[in-house]
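Scrolling down, you'll hit the structures one after another.
Shared chain: chain A. Partners: chain B in the first complex, chain C in the second.
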Partner chain A sequence: MAQLATQAPTVSAPRSPRSGRRTTRTNYELYGWVFMRASGVLLLVLIFGHLFMNLIDGDGINAIDFGFVAGKWASPLWQVWDLLMLWLAMIHGTNGVRTIINDYAERTGTRVVLKSALYLSFVVVVVLGTLVIFTFDPCPAGAPADLLPSFCTA
Partner chain B sequence: MPDAPAGTLYRGREGMWSWVAHRVTGFLIFFFLLVHVLDTSLVRVSPEAYNAVIGTYKNPVMGLGEAGLVAAIVFHAFNGIRVMLVDFWSKGPRYQRVMLWVVVGLFVVTMAGFLPRHLMNVFGGH
Partner chain C sequence: MTALDTRENDAAPSDSTMGAVPSFDVTLRIRRFNPDAAEPEAYWEEFTVTAHGTDRVLDAMHKIKWEVDGSLTFRRSCAHGICGSDAMRINGRNRLACKTLLKDLDISKPILVEPIKGLPVEKDLVVDMEPFFASYREIMPFLITGGNQPSAERRQSPEQRERYDDTTKCILCAACTSSCPVFWTDGQYFGPAAIVNAHRFIFDSRDEGGAQRLEILNDKEGVWRCRTIFNCTEACPRGIEVTKAIQEVKRAMITRAF
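And then the complex of A and B:
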């Protein structure tokens, strides 16, 4: 009895690092954390502006067609706006979904597959979206004039 | 690690549910964005192709979907600001619950401004 009462089990000191834990040695998770917040503030402005122009202003959704897009992208303001929105939203969203995968996909294999698919879609969408903004042709040859913005015939 | 029980005994309060909602909305918006960039890229195919696809965004079912998307964005955006205030403002953690109700209030006001306008565009028979 006396022995039981005096012999405490050996436990490691509080706050000592878990043994065998792999440290990351880098600050990338911190940079990601900061980026989520900085990009969030910018995205709020960019996306609310985008939704106002495309859903509220004028006839809202009914006004959107090829001519509408051509009219917007004739202005460098909206080109830069959409470009920033594309890149920031894709990095913010990809990083966020990466966190979600890390939280729920417990098997290493599953994580590798899901994250590969995630990064692949990131590259495809960002490259495609960027090319679309910069190679856009508002007056494609041979298209019916009534589908084009009015400045094509002027 | 034992598996989680079916259902859960964890009863987080507002803080947990706002976190769940933030996660779900962020996830949904991300997948919308993937599709959205693909459909916008049709402007490089032809005006006809773009107009045909964007035309489907104007029917009532899609119109309701857009309302849902905007609701998701508005919540995620306002709650995102709340998360930042909790992180950076010295009194943030103390007021996190009050700020959630501010988020809900701002959400209701924003949607009350947006919905009538959008639904009129969608159902107004243009």
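And then the complex of A and C:
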């Protein structure tokens, strides 16, 4: 402690102390935590239901082709099922990666870049996926006949 | 030191091997850092000392400081696992040097001794505990009551006392907080120790500041950053079920919110 009397050198290594924490008094993290658990349980049902219907039920994996997917999306049940799966999985996954970035990115710059990329990819996938589920047309008018599935009668 | 000397004298007569404390050479590889050096940089230094089967890591470090290199710097006060001064990273695990027996470690290899992680190192094994205590102060670790002062003591049943008994054992050694990878990242997380001490008051039937403390720990850097990896529970020299306490605080928040 004698060094205090003389001029104490500034020690930067190995880490400088934190620069004060900004307080965030919202329930955002709480709801996020609960959502992860709830959506996890729901996703178990949705994903295994999806896998069963596609891979095991009926003719099994051999039945999957363009026509099979078109047939599924003709029914509102599967539209809702797939939409739920898409949104829940994307929010669940994005939130999970967000916490991983928070846990591992040490510099604010890295954090901002990684999170921006994450949120951008979230928006792209969700918008594109939702658009496809609702606007999917297996037999678009004017398309060459050899590219269309057999059930399309022009 | 007197205790050490007596032991050495006891073991000295070679004819009375019965009940003699076995002695052995042990090597400590200590992470050192001198802020006053021309180029302050952390480095490893090895010391080999003769120790006894009853010695703890702290005894070996005392021997180094008192007999080999007086510049070795570390904190210790009571040396009996109560004051919580000598938490350090021994063979990669956070322990109290005064509670870790050398015979329980693998002495065929050097014993690694490092300062606890995630806090700024000041010299050798001494770290700046201020960020740790800042979090501790923030959760208001004191009894908060309303209304008039009672004329007698504030009564509590044994069951009500039992509710938070585990978290009263904390000695603020920072072994748990500095074992937490989430705390290592940026030091912003409140850390297990602050949550344990909040738990001690949140579940105290006499305390009325529970809602305020839950509000504080509901922060972005509060309990929700806990990943339940149990490093803190493993590190705690008092055997507090730290992760369980954190989960109980989370549950209290959820039941309050819904």
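In this section, the second predicted complex is superposed on the first by the 117 of 154 C-alpha atoms of A that agree within 3 Å, B and C clash if a C-alpha of one lies under 4 Å from a C-alpha of the other, contacts with A are read in each partner's own complex, and residues count from 1 in each chain.
Please note the rule applied: a contact is a pair of C-beta atoms (placed from the backbone, for glycine too) under 8 Å apart; a residue touches a chain by one contact, two chains touch by 3 or more.
Values in this document were obtained by computation on a predicted structure and should not be read as measured data.
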With both complexes superposed on chain A, which partner does A:V113 reach: first (chain B), second (chain C), both or neither?
neither
Name the contact category of A:I61: first (chain B only), second (chain C only), both, or neither.
first
Chain touching more of chain A, residue-wise (chain B, chain C):
B
Return first, second, both or neither, reflecting whether A:Y104 touches chain B, chain C, both chains, or no partner chain.
second
Who does A:F136 touch here: chain B (first), chain C (second), both, or neither?
first
Look at A:R25 in the shared chain and tell me whether it touches chain B only, chain C only, both, or neither; answer first, second, both or neither.
second
Could you say whether A:L86 touches chain B, chain C, both of them, or neither, answering first, second, both or neither?
first
Applying the touch criterion given at the start, work out whether A:L77 contacts chain B, chain C, both or neither, answering first, second, both or neither.
neither
Overlap of the chain B and chain C footprints on chain A, listed as residue numbers:
none
Going by the contact rule at the top, pick out the chain A residues touching chain B in the complex.
37, 40-41, 43-44, 47-48, 51, 55-56, 59-62, 64-67, 69-70, 86, 89-90, 93-94, 96-97, 100, 121, 125, 128-129, 131-132, 135-137, 140, 143-144, 147-148
Please name which positions on chain C make contact with chain A in the complex.
33, 35-36, 40-42, 118-122, 128, 130-131, 181-182, 185-188, 215-216, 218-222, 224-225, 227, 250, 253-254, 257
Within the complex, chain C is touched by chain A residues 3, 9, 11, 13-18, 21, 23-34, 99, 102-106
Show which residues of chain B lie in contact with chain A when the two form their complex.
23, 26-27, 29-30, 33-34, 37-38, 40-41, 43-44, 46-48, 50-51, 54, 57-58, 63, 66, 70, 73, 77, 80-81, 83-84, 87-88, 114, 117-118, 121-122, 126
